[in-house]
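Letters A, B and C name the chains as they come in the text, with residue numbers starting at 1 for each one.
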Amino acid sequence: MLEMLIQFNNSNFEYLTAMKFKTPVSVESIAQLIGGKVVGDGNAVCSGINEIHKVEAGDLCFVDHPKYYEKCLRSAASYIIIDKAVEETYGKTIIVCDQPFEAYQTIISHFNPFAAVSQSISASASIAATALVMPGAIVGNHVVIGEHSIIFPNAVILDHTIIGNHVTIHSGAVLGADAFYYNTKKNREVWYKKMLSGGHVVIEDDVEIGANTCIDRGVTHETRIGRGTKIDNLVQIGHDVVVGSNCIIAAQVGVAGATTIGNGVTLWGQVGVNKTIHLGDNIQVLGQSGVTASLAPGKMYMGYPAEEASVKRREFVWIKRIANLWDRVAQLEKRIEG
Amino acid sequence: MLEMLIQFNNSNFEYLTAMKFKTPVSVESIAQLIGGKVVGDGNAVCSGINEIHKVEAGDLCFVDHPKYYEKCLRSAASYIIIDKAVEETYGKTIIVCDQPFEAYQTIISHFNPFAAVSQSISASASIAATALVMPGAIVGNHVVIGEHSIIFPNAVILDHTIIGNHVTIHSGAVLGADAFYYNTKKNREVWYKKMLSGGHVVIEDDVEIGANTCIDRGVTHETRIGRGTKIDNLVQIGHDVVVGSNCIIAAQVGVAGATTIGNGVTLWGQVGVNKTIHLGDNIQVLGQSGVTASLAPGKMYMGYPAEEASVKRREFVWIKRIANLWDRVAQLEKRIEG
Amino acid sequence: MLEMLIQFNNSNFEYLTAMKFKTPVSVESIAQLIGGKVVGDGNAVCSGINEIHKVEAGDLCFVDHPKYYEKCLRSAASYIIIDKAVEETYGKTIIVCDQPFEAYQTIISHFNPFAAVSQSISASASIAATALVMPGAIVGNHVVIGEHSIIFPNAVILDHTIIGNHVTIHSGAVLGADAFYYNTKKNREVWYKKMLSGGHVVIEDDVEIGANTCIDRGVTHETRIGRGTKIDNLVQIGHDVVVGSNCIIAAQVGVAGATTIGNGVTLWGQVGVNKTIHLGDNIQVLGQSGVTASLAPGKMYMGYPAEEASVKRREFVWIKRIANLWDRVAQLEKRIEG
């Protein structure tokens, strides 16, 4: 079990509650770090930092656009980093600073500094005695690999990835690359600035990950592949995606960021799945379909945008009948005009 | 020629007749290995083991679902591993055991045991003197690489792969990863159990394989890329696929398991091809098409499901005319009712 | 800036004006190299060699099919390698030889000979002191890597690639693999013969390239990714593609050879883009679309073939109405016939 794995990697434990500080940090010291000004109680302590929709009481959150001011101020966060003093703070403590996004990056870098992978197999990795890591594979810092798991040649397991027992990672797979997630402002020379990823990847027991498949780390939490799920080659799993247990994900499927997939789901080859949606348990999505919105459990889907397969198949038949309709309408017109 | 290559790798020869035992094995000793009970002549000898549709006289086959009992018992196999004694054996010798799938795995593991790649370039590989293997490339156990072939950095050539002469394998390509092929039972905690792959990959002369392309090994036979065929980057070729000669397979194409592709076939970018179908000689399939069923030779195809391009193009035109039809039907209705 | 990078890699400078000879070469010596016969002034000097549509005055060009004779003879080239003497030379100097394609390969190989990557980090590479190259990464011959750039484990940077400052290349990415570009003749045993790639890859400042993404080198010029552009995982960028600045290219997109993409373009996941077309500035192409022809700037596109999204969305609605039309036409027929 993953819980057991974590025990033998105790120094890593705090990391697992993603984006929480190891020990609470005062608001005032955060303000000093980012060059901001506290409005409220500077002695209050922050437990962590997170995005608006994942933040919890005790956490910091940042906002840099008036459009989102109120949403952020009304979120679960206790402390708000913002680029303008506001009248209504909804009881939050505020840190005002010029560039809240840059402040967020500064905080992440400070508490979770970037560490290069400096050896093929990091000395800080915990690899079970029965696990097998083949030549050319990379095992990053603080990685955990469970019993009887096999890492094929040239697979890359980046920092803080946790791999359970009886897992197979095929050659060229990349686990834990950064999220494709940017702060966007079109009034500067470089429009997109990367949000530093503070999350990681968790692979549960009995999972298989195909060759050259990519599973990105979470931005502020985790990307998780559930027990017994099998993923084929050249698949893309975006940041913060959670895949349930006993799923089949065929080759060249792509799942965009923060989407959740239930248990027993089958996605056939080259399916694309939109970001931040949910696929219900036990659904099947036929090859090449494009899933743009959440799907109810237990059904078969196909096409772009993906709909129930029976509906879509009838559509294909209807399209074949347009020519016939055309002829019949022309005949009706002739009769009426004639 | 491949035949010549094989001669200088003689220890490997038996492997090439995939899933045949090096020397025949008695039914009784198979039964002992898997804990089964022979019904029939235990002294009879088995030549190999295979799937229902590939099995030959002298071979073992297994069946674990009543739905397939008769199909298996009437197959070309001489010996059947089955989970229940049956009255009608169609003249076959039977080995009854509780878990035929697990028995199959036991036999494969026993006669073709898993061997880790323990060195970047395996000592058991046969690499022609004029071949070039660049840094970071992996050459697995019993791999054969022919004259003037080039393996670019970080490509991975897994066990038993055979590469002909004048072949180029680009960086990050993975040849010989396991088939994505599972025994499925939804009444257990882990639904999917991997069928061990006993087959391998064969790349004929003058082939080029693009960067990060994956070619899986066969389950019980071989995955073969025919002479002079050129495959672009990020392509997925499933287990037991056979591609003919002088084909062009553009980037990001996916071909599912056990499909056969004729000679002179062109698949443009991002095409998906279903499993266990056949594409005829000299066809062209336009970009992003989804091929769900076998295609007759010599034509051009497009769309999902792929049809002759001329038919599909007319369909696109017909769709553009629905709005016009709608207006005309409305006018007809007005006239008749008016 | 790239210009500065180039200064500290001076020996490479001539390479950057792709397919130009370091010093001019006489027509007569080219003819001797390829076994051809000069018709015209053998003492004239050639500055380089290129394709029909990229060739400049002073360059060589080759033609081996009567269909293209005139096009080549009327191109900007000064010297033509051709397989038959022609009456009208349009003032060009001609080198007649039996196999112009093979002659082209001979010239490329002679002046730009294939060099194996013989070390993980080539001694001829120029890597800035502040750049970070992690374990397992390959840095080929004459590669340039700018300040503060990060190359993740097992990424492959092939010969002559130029990487600017503040660039991130993720694990498994392959930059500079050969173009998928062949000379085709169906009357020989091997139909496709690779055109040797003489070009290279240029990655401008502030670019990010995702895990297992492939960016092929140019055939006779360069493949360029513009400043600030962010490319996700498993993307294919073909030879000689030029991508502008501040573009977003999501996972599993494929862009075929020699296409140009403007600035501020967003291509969502799994989009496919045809070869030798142009995408205008600031367009968005929705997921899984297939772009078959050039697109005007500033709009949103979707579907296959890609059209303006508003048009395509209406089409989806019209398709849903065919069943209704069918019923209404049947009723009209009944009324008229009744």
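Keep in mind that, in the parts below, contacts are C-beta pairs under 8 Å (C-beta built on N, C-alpha and C of every residue); 3 or more make two chains touch, one makes a residue touch a chain.
Remember, it's a predicted structure, so these values are computed and weren't measured experimentally.
> How many degrees of rotation map chain A onto its copy chain C on CA atoms, rounded to the nearest 5?
120
> Can we say the copies chain B and chain C touch using the same residue numbers, with more than half in common, or are the two sides different?
Result for this pair: different.
> Provide the C-alpha centroid distance between chain B and chain C, rounded to the nearest whole angstrom.
Once rounded, the distance between the two centres reads 32 Å.
> Counting only residues that touch at least two other chains, what does the list for chain B look like?
Counting only residues that touch two or more other chains, chain B contributes 136, 154, 172, 212, 234, 252, 270, 288, 319, 322, 325, 329, 332, 336.
> Looking at the complex, which residues from chain A come into contact with chain B?
Against chain B, the touching part of chain A is residues 132, 134-136, 150, 152-154, 168, 170-172, 206, 208, 210-212, 227-228, 230, 232-234, 246, 248, 250-252, 264, 269-270, 287-288, 303, 316, 319-320, 322-323, 325-326, 329, 332-333, 336.
> Quick check: in the complex, which residue numbers of chain B touch chain A?
Residues 116-120, 136, 138, 140, 154, 156, 158, 172, 174, 177-178, 180, 182, 186, 189-192, 194, 212, 214, 216, 234, 236, 238, 252, 254, 256, 270, 272, 274, 288, 290, 292, 304-305, 314-315, 318-319, 321-322, 325, 328-329, 332, 335-336 of chain B touch chain A in their complex.
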